[in-house]
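Quick notes on the structure that follows.
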Amino acid sequence: MARPENKLAFDDGWQYAPAPESTDHIRIDKKYGLFIGGDFVAPDKGKYFDTINPATEQHLSRIALASEGDVDKAVKAARKAYRAWSRLKPANRGKYIYRIARIIQERAREFAAIESLDGGKPIRESRDVDIPLSAAHFFYYAGWADKLEYAFPGRRAKSLGVAGQVIPWNFPLLMAAWKIAPALACGNTVVLKPAETTPLTALKLAEVIADAGLPPGVVNIVTGAGETGAAVVTHPGVDKVAFTGSTEIGRVIQKALAGTDKKYTLELGGKAANIIFADAAIDQAVEGIVNGIFFNQGHVCCAGSRLLVQESVAEEVVQKLRDRMETLIVGDPLDKNTDIGAINSAQQLEKIEAYLAIGQEEGARMHQSSCAVPDKGYWCRPTIFTDVSQSNRVVQEEIFGPVLAIQTFRTFSEAMTKANNTPYGLSGGVWTDKGAKIFKMTRGIRAGVIWANTFNKFDPTSPFGGYKESGMGREGGLHGLDAYLKLEA
Amino acid sequence: MSLAAVKNASRLPDLSRVARVDEVGVDERVARFQTRSIKKASKIEALKLILSMIDLTTLEGQDTPGKVRQLCQKAIHLHDEIPGLPHVAAVCVYPTMVGVAREALKGRDIRIASVATAFPSGMAPLSVKLEETRLAVSEGADEIDMVISRGAFLAGDYRKVFDEIGTIKQACGGVHLKVILETGELGTLDRVRRASVLAMHAGADFIKTSTGKIQPAATMQVTLVMLQAIRDYFYETGRMVGMKPAGGISNAKLAVHYLVMLRETLGSAWMTPEWFRFGASSLANDVLMQIRKQMTGIYQSADYFSMD
Amino acid sequence: MATPAARVPVAKTYKIYIDGKFPRSESGRYFPLADRKGMVIANICRGSRKDFRNSVVAARKAQPGWAGASAYLRGQILYRIAEMLEGRSEQFVAELTLQGVARRAAQKEVEQAIDRLIYYAGWADKYQQVFSSVNPVSSSHFNFSVLEPTGVVSILAPNDSGLIGLISNIAPTIVGGNTTVVLASEKLPLCAISFAEVLHASDVPAGVVNILTGYRDELTGQFASHMDVNAIVYCDGDKTVARAVQEAAAENIKRVINRAQFKWSEAAAQNPYLIHDVQEIKTTWHPIGT
């Protein structure tokens, strides 16, 4: 195996010069109202909050804070629009949704820059992943609008009414697309609350929706924090609730909806096991680890945050991982070479740092990459914990940062047991060159999405969602229609 | 069995234990290298480094002493209008042209690489390959680019391929040996990895992707696999082996992607002409045009750069 | 009659569309198309069996690449065709009325054609989900069945339709990854060639759709008997012709699809089974075990 004195050097020699994405072509207004009934309107209590750039802590815009009264107005607007929207010829609903997709494609660069400014994710991710997938999601569901009769054999598909949707800050535009597109395609209207720290791309999406000529009130966007979200979810005029966020809040919402007739779907947290067998393609598996936990700063519900590596290759894998970590660039999200951007907020950084302390207190060995980080803003270097086991808190609890816990295993069934030994069940990864083992593993892992020899792959046609405390319901694909329909005999 | 083969016998690596390669994963990693944005000072630095890594090549049936002299002239005078340019690493010619190149490059710091071993097919008896190698060395070649016997490799006769490399290495004396795998004929990335490991254990100083005479020639995918094999060999043995992608790299943008890949896989120690070369002919002019564009801000025309 | 000051219009030459290019028929033959008053509107290429042969070569060459494109991309391209057609609606309405279709009917036909393209664009990344299956076999195997395009499909477009019949057959054929050679209506051929121009402007790769004009009785035999065509679609009701097609097709076990009963202007004339008609089903077994 590797001799310790044979080292590779990544920190000297030819470096990459800054390659900043230009922002002179984008438009962020100084102030945004609430998008209700087809217009931007002032919040009824006149309250606003700030959204900042987490990489520089600079102020970006003032955002309206929706009160209960504002939420009520939005739900009423959605209800009013629902009458006509649900009666439109389905092909025409589809055409409106296609327009949204096409306009996003036209404005893709602007959306990508704003996404990175507001949330901290690298421009390369916004540009190459978030924005294209968002447009693709609208494109996919637009096509279902007039085809629902083929999706559920023996059932007539009917819309539900008004959908109240609350989304998180880790993929702001993409989460908006995942929620709005299927809801509209199925004939529902929408009240959507973006996350408090990332409202901007949802508001730009509101502009797209207006430009696409959707009838007023079909989509309403109410910005705010936790209270606004609670108002949306519990409003009696909402027929269907969709939430993506932490398991903790998911629990609160499920309790709040008890006794009501509201349909709901929840997409919650995870602590996925990424399993590497000795017969895996090791170099590609290492890339899969990096993809699984370091990109998007680890702010991914389905992140591969637990590495389970077969003991006979553990040393090799960890060494290659450490080498690869050294080539990851942490920095300005707007630099095209940045691999890992800013942590989304001061609050989230605090949570992550608390776990780093916990891990060390628990006796785990911590290793971080040696890259420089800027002075201002919220940053966390890629981190791994070794010498941990199932009983460590850093192995059990969702950290939601670029922090990986590494354990070894010896046998197939041990890997399976460890993978399933968690209240979560969102995703999992398995790396092996042996096909039969892949199918056996995917049959046994209790999780909603399993990646074999890859990780963090998303597609509008591919259903996504969790088992157990990672939530219920699926988004994407034919199965993703189910959440937004009444199926009648 | 020759004496060399006996000596080598104990060192034939266990090729069944060579790392597996996942093609889709390799494609994704390559795609990521291609999204690196290399600008301003780092771009100029990269372009100059690329120039210094080029093996300016002519390997045509129609080569004549005149052609080779013109190539050497270009090697010495890439583009005199731009001061401070590095010179190319080497010129690469057939064994019968080594003497001409030697004369044309007398007193210059540019090395002479010669192909040998029945390039490009490798389909000749060992005795012929040895004679050709010795000829090239005696004519003054500084480097020998040999081809492996792909037929033997694909038939599973790894011993034969291994021994041949060892034997040619001996015939090189101290002259530096590059081993061409001809990745376009190997078919899968698994085989590329296996061939790389075999060649390095057999004594290669450099492993090289292609002869440039068939499609596909060098690709970022096979190059990445070879770089990873070099890395693992270095970890295991402490010995550095160089790498040369050849054929198909005709523009500067692509060459910069290769540099990014090199840097992020092997680190700074390999980022010199001593350990990395580009086998190319038209690449040099595109790099020169890009350097000029970086200096002036104006897009260039091929009319202003000599084509020898 | 042109007055001295009036502008003299430029008449359009209607060629055929093969491998992304617009050649004339290699035979050099033509037939005149007249309007109701007997005025010659255009000289239509009288396609030959060599034109058909060249088209099949082009379609075969283009098929693997087209089938290998992602479903999303195929859907986007079909949507783009609709965008292009929408932009050129007036031209198509004019060509239909020139050929004797009433103006209102022509407008409706063009709108329906555009909407039908969008309909099928939306199926590109969904028909697989509706028609595929994972099969619960008794042994320890993962067993799944997927649809795959049959390959090169020859289409005898409905003779009585200038546009909607043509599009109603091309769209479901190509959205599923097949490539095609189409014989336009003999009676109403103009829109077929203009549609080729729309395809050409829509990122449709060369060879995916090839469109010929010509005499039906000369070319039907070719469309039905070519050994490198995987399926044939015919839309006209003549039973003698149908039988001849079926017999000729049997030589290489061509899939024969009879769409004579379709009324193309009806809503029922668009559905995913028209995609399914030109798909094969592939089943794979893989063990489950360590």
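By letter and in written order, the chains are A, B and C; residue numbering begins at 1 in each of them.
Methods note: contacts are C-beta pairs under 8 Å (C-beta built on N, C-alpha and C of every residue); 3 or more make two chains touch, one makes a residue touch a chain.
These numbers come from a predicted model, not from an experiment.
Asks: Please report the smallest number of touch steps linking subunit A to subunit B.
Replies: Steps on the shortest route: 1.
Asks: Among the chains, which has its CA centre at the largest distance from subunit B's?
Replies: Chain centre farthest from subunit B's centre: C.
Asks: So, what's the distance in Å between the C-alpha centres of subunit B and subunit A?
Replies: 44
Asks: Could you tell me the distance, in whole angstrom, between the mean C-alpha positions of subunit A and subunit C?
Replies: 41
Asks: Where the CA atoms of subunit B average out and where those of subunit C average out, how many Å apart are those spots?
Replies: Distance between chain centres, rounded to whole Å: 50 Å.
Asks: Quick check: what residues of subunit A touch more than one other chain, meaning two or more?
Replies: none
Asks: Please output the residue numbers of subunit B that touch at least 2 other chains, ranges allowed.
Replies: Where subunit B is concerned, no single residue meets two or more other chains.
Asks: Write out the stretch or stretches of subunit C touching subunit A in their complex.
Replies: Counting only subunit C, the residues touching subunit A are 71-72, 75-76, 79, 115, 118-119, 121-126, 129-130, 142, 272, 286-290.
Asks: Which residues of subunit A touch subunit C once you look at their complex with the stated criterion?
Replies: 91, 94-95, 98, 136, 139-140, 142-147, 150-151, 412, 434-437, 439-440, 443, 460-461, 477-478
Asks: Under the definition above, what is the set of subunit A residues touching subunit B in their complex?
Replies: 1-3, 5-6, 8-19, 124, 128, 279-285, 287-288, 319, 327, 336-337, 433, 453-454
Asks: Over in the complex, which subunit B residues touch subunit A? Could you list them?
Replies: Contacts found on subunit B: 19-22, 24-26, 28-29, 35-43, 45-46, 49, 228, 231, 234-238, 259, 263-264, 266-269, 271.
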